[in-house]
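Written out below as structure tokens is the structure these notes cover.
Going in written order, the chains are labelled A, B, C, D, E, F, G and H, and every chain counts its residues from 1.
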Amino acid sequence: MELTVYLAGQIHDDWREQLKNNAKQRDLPIHFVGPQENHERSDNIGEDIMGKQPDNVYRDDAASSVNNFRTQVLLQKSDAVIALFGEQYKQWNTAMDASSAIQLRKPLILVRPESLVHPLKELSNQANVTVETIDQALDVLSYIYE
Amino acid sequence: MELTVYLAGQIHDDWREQLKNNAKQRDLPIHFVGPQENHERSDNIGEDIMGKQPDNVYRDDAASSVNNFRTQVLLQKSDAVIALFGEQYKQWNTAMDASSAIQLRKPLILVRPESLVHPLKELSNQANVTVETIDQALDVLSYIYE
Amino acid sequence: MELTVYLAGQIHDDWREQLKNNAKQRDLPIHFVGPQENHERSDNIGEDIMGKQPDNVYRDDAASSVNNFRTQVLLQKSDAVIALFGEQYKQWNTAMDASSAIQLRKPLILVRPESLVHPLKELSNQANVTVETIDQALDVLSYIYE
Amino acid sequence: MELTVYLAGQIHDDWREQLKNNAKQRDLPIHFVGPQENHERSDNIGEDIMGKQPDNVYRDDAASSVNNFRTQVLLQKSDAVIALFGEQYKQWNTAMDASSAIQLRKPLILVRPESLVHPLKELSNQANVTVETIDQALDVLSYIYE
Amino acid sequence: MELTVYLAGQIHDDWREQLKNNAKQRDLPIHFVGPQENHERSDNIGEDIMGKQPDNVYRDDAASSVNNFRTQVLLQKSDAVIALFGEQYKQWNTAMDASSAIQLRKPLILVRPESLVHPLKELSNQANVTVETIDQALDVLSYIYE
Amino acid sequence: MELTVYLAGQIHDDWREQLKNNAKQRDLPIHFVGPQENHERSDNIGEDIMGKQPDNVYRDDAASSVNNFRTQVLLQKSDAVIALFGEQYKQWNTAMDASSAIQLRKPLILVRPESLVHPLKELSNQANVTVETIDQALDVLSYIYE
Amino acid sequence: MELTVYLAGQIHDDWREQLKNNAKQRDLPIHFVGPQENHERSDNIGEDIMGKQPDNVYRDDAASSVNNFRTQVLLQKSDAVIALFGEQYKQWNTAMDASSAIQLRKPLILVRPESLVHPLKELSNQANVTVETIDQALDVLSYIYE
Amino acid sequence: MELTVYLAGQIHDDWREQLKNNAKQRDLPIHFVGPQENHERSDNIGEDIMGKQPDNVYRDDAASSVNNFRTQVLLQKSDAVIALFGEQYKQWNTAMDASSAIQLRKPLILVRPESLVHPLKELSNQANVTVETIDQALDVLSYIYE
């Protein structure tokens, strides 16, 4: 049984590549999708497509409309979601994607360092599983195939 | 027509009291509900009810289970949601509540200072209306009764 | 049994007042709600609340966000919808509200002059009932109480 | 990941062919579906199948029942929707399809010329993304595969 | 706790009056709603409102559009449904209402004479409860209040 | 685009075979599914699997539980439904399947002889398309591929 | 804000009376509903209404159809659910009601003695809150009103 | 037509292997999925992935979070569910899975020995089909392909 898993979360390091490589080594029949990982492209995509906007507020709104379109298409094609929080940045879109997954009945694995236990406690309580590393998240996905 | 509005967001100042007072001055037939605003009580509620937990991770999980129960009951009774973000704190539960509102088709007003435009852009793009002050949020609610 | 009915459609004449008066004469226990009928206020509401926008595109988007918020709140409180099309104007928001009503399983009465039969044929085919006058629409509502 | 996209909108020029050709040149793995584009056939389909109707009102209703059947089947098979408005015609069925897409949680790209900004403002505000050309719409679809 | 119960089924005898009288004698806080019981009015309602139709097929379609509007409004306001089948007539709209109730998660009591056990077996198997008399149906409703 | 279509309706003649043959001649990429067409097997399936039942009421209930299981599995896999009514028999399970299709948003084609216009008027009014012959039903399906 | 809470669970002691009394002492504006608590009546209700059944299997099925009707009506009217497990009996209908509550998005409090932690672990993990006493369950409900 | 069927129920004997073998002998194009059948692994999976927990309550909660994640992914991919109850153990997670299947509109076959008729009566009444052996359950699945 093949599965599609959406990888929500920060785009400032290569955690998605690590996770995909580990999944390949385990021979898991899982197809991973996720947001645009090129941060600059993600921030510019509104103006790249729709042209110069009046100021940064409108530039951000234009970019987020395209990013949200992408997310909605891919999230709806997914069988499960992994949402990873790092120690930097606000990451409210990660929280938004995780909460969307819960409401849309997409099974959710939350990955966060111990330092974020307190601020993420409500989201963690609603997630199916909460772990601290991407390897643990893969352990959970692998368990489906045991 | 009476409405119930859930006030999601930070519990570190008295913005809910201000908003309720202003609503009363405008004679709006709106009943406001929201989370526990006593921060200490909110953090302790798990242990207050279920007793001492092994450590802070479990203490936080116990508290958030009761807080999430309260939120789910009140959010489902609401006709609309206001979610306010301030400049401090992670506020991921606010993002979670706002995203839940969107997915549950509860009309959503987002309130955030200009400094948070960029990190909140995806959530703002999905909200019905985004404003910067609670008075503007009340203007939006008042408009229903014009 | 009291009912709430949303009156979607053009805001350029006083058809809602006529309909409400006729309903009152028939003693129907129906509460009518609808969009902002002051056209200027409806077009300005974005800037009235959020302040001056960069140009007309953004001004229109700001206004429509508040108008859509109002519509979503009131449509969800309604038990049925009447959508009236007149001979002038594009009235695409009327078509949008009527289609939303259908998808949200809100029973829908479409009112349109004979001259609009052809361009409204797909929407009419999905509506519960299509009539030509507001008095006929009231006849349909009255029939619930016979 | 293959996607199916429904192309709602006017059937009076060859914009769908242009869009499909451009998509082919970009090697996008997208399958496009849409309404009957032969206008005469679309208007006659009711009588073609069910026989002569009493007059034009019934002829239109018969045709629209078959057109709506086709639309419902194909819209439900789609992962996203593009709705294009041109400068002529009422195009209320386009507005109906776009609004259905929103309520059925099908991600929606709206394409409209600048001249239609004002009458389409409420629909545009609810769409995921609004652009002015079909090439921009394809840019948004392409972005999913970056 | 007050309940609203929709009484689907044939309109050729006074079973609804009997049931309402018995419910009153039992002091049940139940509000009963149902279809138009004046058979002639029910068949004529389309032409009564929309005027003369080309022939009986269109006359029937016009009438049923108004009857379906009424049914949809009242069924959605109901907490439970009683569907009664008698020994005469096709009663396919009763079967339609009963099946709608099931799919909309409205608890359903089916009332039918023993002679109709075989042709109603699939519907009976999906109903919550199947009985043979309206008094038994009231027994089931009364049981909620014990 | 391949489609699956559920063929609800009477099992007393070979209309499904005719329809499948005609579809094959038209090269339509449609997979047809439907109920058990061996009437005796359909009536006996409960006792065939679960053993002798106390009397005919229980025998019918046992059979219908298995038939309903089959219908629910296949209806949910289908993209559209054709429901055919003939001039004999009660056919209430056909009405039930047709109504389920409507509530589950499965596009529905109703096939019925002119003699059944009046008793089927409410169901016909809710179906997407109503025709009189299985060839017309195939015309509607073919139209999707034009 | 008044709430309705369904009390699922064993009917072999007076825990519901205790809970209602405690709620009254705390002045909570909560209306409690639940299953038939007279065990004999609950087991006999099928035969009481529908008459003598062939054997105990059919007697049980008749009774459960009426009990399930009652549960479905009351559960759907409720804003939250408390499910209590005791140390005796199978209590599979309690597990069924608790699971229904979760899938219907009714916030759920699970009450179970420590001895049942292991067999109830999957259900407890999906409940909003799990406690050991009915007083703790009331603490959770009271917290909504703080 | 290929189907996926989830096998809920006790993991203490090899009933799933027997069922799969019988299905293979009948050449049924059915893919079976289910829970982790290694009981020890199932109980340890929380600590295996997340490390040592404070005590058995937390160990059970950690394990059940991973087991529930697996179940939710696989149940949502399934077209039907078989839930088997044996004579030992509490099996409340089986009741939970069966009830989830009902609420998610997954057709359900219940398998239980005659000795469990009484305690399972409410669940049996809501299941599509109830049988006593896995061979009967396969008979029901086979019937789809006749």
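Please note the rule applied: contacts are C-beta pairs under 8 Å (C-beta built on N, C-alpha and C of every residue); 3 or more make two chains touch, one makes a residue touch a chain.
It should be emphasised that the depicted structure is a prediction, and the values quoted were computed from it without experimental measurement.
K.L.:
If you apply the touch rule, which chains end up adjacent to both subunit B and subunit G?
P.N.:
Shared contacts of subunit B and subunit G: H.
K.L.:
Quick check: more C-beta contact pairs at C-E or at D-E?
P.N.:
By the number of C-beta pairs in contact, the winner is C-E.
K.L.:
Taking all residue numbers at the subunit C/subunit D interface, are over half used by both copies (same) or under half (different)?
P.N.:
same
K.L.:
Report, in whole Å, the distance between the mean C-alpha point of subunit A and the mean C-alpha point of subunit B.
P.N.:
Taking the average C-alpha coordinate of subunit A and of subunit B, the gap between them is 24 Å.
K.L.:
What whole-number Å value describes the gap between the mean CA coordinates of subunit A and subunit D?
P.N.:
Spacing between the chain centres: roughly 31 Å.
K.L.:
Can you check how far apart subunit D and subunit H are, centre to centre, with Cα atoms defining each centre and the answer in Å?
P.N.:
Their C-alpha centroids are separated by 43 Å.
K.L.:
Going through subunit G residue by residue, note those that touch at least 2 other chains and give them in order.
P.N.:
As it turns out, subunit G has residues touching two or more other chains at 65, 68.
K.L.:
Which pairs of chains touch one another in this structure?
P.N.:
A-B, A-C, A-D, A-H, B-C, B-G, B-H, C-D, C-E, D-E, D-F, E-F, E-G, F-G, F-H, G-H
K.L.:
Would you tell me which residues of subunit B are touching subunit A in their complex?
P.N.:
By the definition above, subunit B touches subunit A via 56-57, 60-61, 63-65, 67-68, 71, 85, 89-93, 95-100, 102-104, 114, 116-126.
K.L.:
Mind listing the subunit E positions that touch subunit G in their complex?
P.N.:
1, 3, 79-80, 105, 107, 109, 128-131, 136, 139-140, 143-144, 146
K.L.:
Could you pull out which subunit E residues touch subunit D in their complex?
P.N.:
54-55, 58
K.L.:
For subunit H, which residues count as touching subunit A in their complex?
P.N.:
Residue list for subunit H touching subunit A: 4, 31, 33, 36, 38, 41, 45, 48-50, 65-66, 68-70, 72-74, 76-77.
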